[in-house]
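The two complexes that follow have chain A in common; it is paired with chain B in the first and with chain C in the second.
What follows is the complex of A and B.
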């Protein structure tokens, strides 16, 4: 069994004046069965032009999977950003230099397909998917 | 202007060669990426004793126009039991496995940090009513509506 750990530290001395912020958290990522660590992963690095959508991985009908997704926008122009979301619903912008880490349920067929779209500029981004359930290999990208 | 940094480290031995991901970002405004976000909802803790859906991030409290706002949402299941979890959804009021736009499940100790456009609420639901669960969450806001918050 493999062990995958994810830690985060968020800090600010002046976001809340008088109350320095220090958040630290660590988690060992487990498959849906809870006692088994992740055994599959996929990593990639892509570049997409303004207005282009990219499906990070296609939904497989893997009901109630406990997957994890990491994306980092590695573009260097600070005005560039991509939007991420599920299928056609965009959830938020990931600006150059930003990263995100979220669980991925992948329970609702096509509606669970994770997409990114370049909104300004040709963005480069890298991603890692840690797969917590059964998985069918398929070609990513659409 | 405030300076807030977030660092992630992921280590894994899934592959025969160990994988390490390390990255640090400065949480910044969308309109001016050189300026840090200076508003927050504060760090909150909520106790759940039922499986009733709950809205933890109210979209109407945050500025939103065109989806470019660079809000960030941090959520952690502060419970220790890996058997229980929270559904987290980008949805006006509900969260479960088949809700439209279910983001995913946070088991005991799991955390997430995501960019958020403030277009729709973030809703959650505990998987269990037989064991109390606690959720921690915080919004780093790229603008809070003047009459809210």
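What follows is the complex of A and C.
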């Protein structure tokens, strides 16, 4: 088994006067359950034009698999952004330089596909998927 | 307006021959509501952690504080992920759906924070 450690820190010196914000959390990424480390990963980057989608789909039957997804919008134009979501349910925007890191589990059908859609501009983004056991990338593309 | 600096690092030395070791950081402008790190006890019933009507575009931090119990994070009624014991998430949310949290069992604690852009 491999040991993959994810650490997030969130800080601000001016969010709350007199009380600097310093959040830190670290986690070893595990397969389903909490004792076996993840072994598989996939990393890549893509460019998508305004209005087009890029989909990452888990194969059906991989119910409740424990995976992790990192996405960062590497576009340099600050007006450009992409949105991420599950199937047709878009969750939030990633402007240039923004990143996200979430667990990815396909407990129900809609959760098995994560979409990235360019809303303004031709955006470039990078992604990494850390995979639990029997993982199959069913779709990667627009 | 305040500045928020989130940083993510991912390190793995033994999955591939090319060691993974990277870090990404961002600078976010926060102009509206903030809930600094807080803690709530969950149950197996739904808890609306963030109501869409109360927020605009925001950044959300969640961490499962429990050692064994996982919890579901739902966006409205159609999409969700599951945070295992000790794990965390950080993501942007445009507040189109409520964020609803539920314990898989028992009464684990969830740490959360939200920063409205």
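Definition applied: the second predicted complex is superposed on the first by the 130 of 142 C-alpha atoms of A that agree within 3 Å, B and C clash if a C-alpha of one lies under 4 Å from a C-alpha of the other, contacts with A are read in each partner's own complex, and residues count from 1 in each chain.
Criterion: contacts are C-beta pairs under 8 Å (C-beta built on N, C-alpha and C of every residue); 3 or more make two chains touch, one makes a residue touch a chain.
Since the model is a prediction, treat every value here as computed from it, not as a measurement.
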Side-by-side fit of chain B and chain C on chain A, or clash: clash
Partner chain(s) touched by A:41 [first = chain B, second = chain C, both, neither]: both
Which of chain B and chain C A:119 touches, first, second, both or neither: first
Partner chain in contact with A:78 - chain B first, chain C second, else both or neither: first
On chain A, the residue positions that both chain B and chain C contact, one per complex: 2-16, 21, 23, 25, 27, 29-30, 34, 38-41, 64, 66, 70, 72, 83-86, 89-94, 97-105, 107-108, 111, 128
Chain A partner contacts - residues on chain C that touch it in the complex: 2-16, 20, 24, 26-28, 30, 34, 36-37, 57, 61, 63, 68, 72, 75-76, 78-94, 96-97, 111, 113, 115
Sites on chain A touched by chain B in the complex: 2-16, 21, 23, 25-30, 34-35, 38-41, 43, 63-64, 66-68, 70, 72, 78-79, 81, 83-86, 89-105, 107-108, 111-112, 119, 128, 130
Of all residues in chain B, those that touch chain A in their complex: 2-15, 19, 21, 23, 25-26, 28, 30, 33-34, 36-38, 40, 42-43, 67-71, 74, 76, 82-83, 87-88, 90, 97-98, 100-107, 109-117, 119, 138, 140
Touch list for chain A against partner chain C, complex: 2-16, 19, 21, 23, 25, 27, 29-30, 32, 34, 38-41, 64, 66, 70, 72, 83-87, 89-94, 97-105, 107-108, 110-111, 128
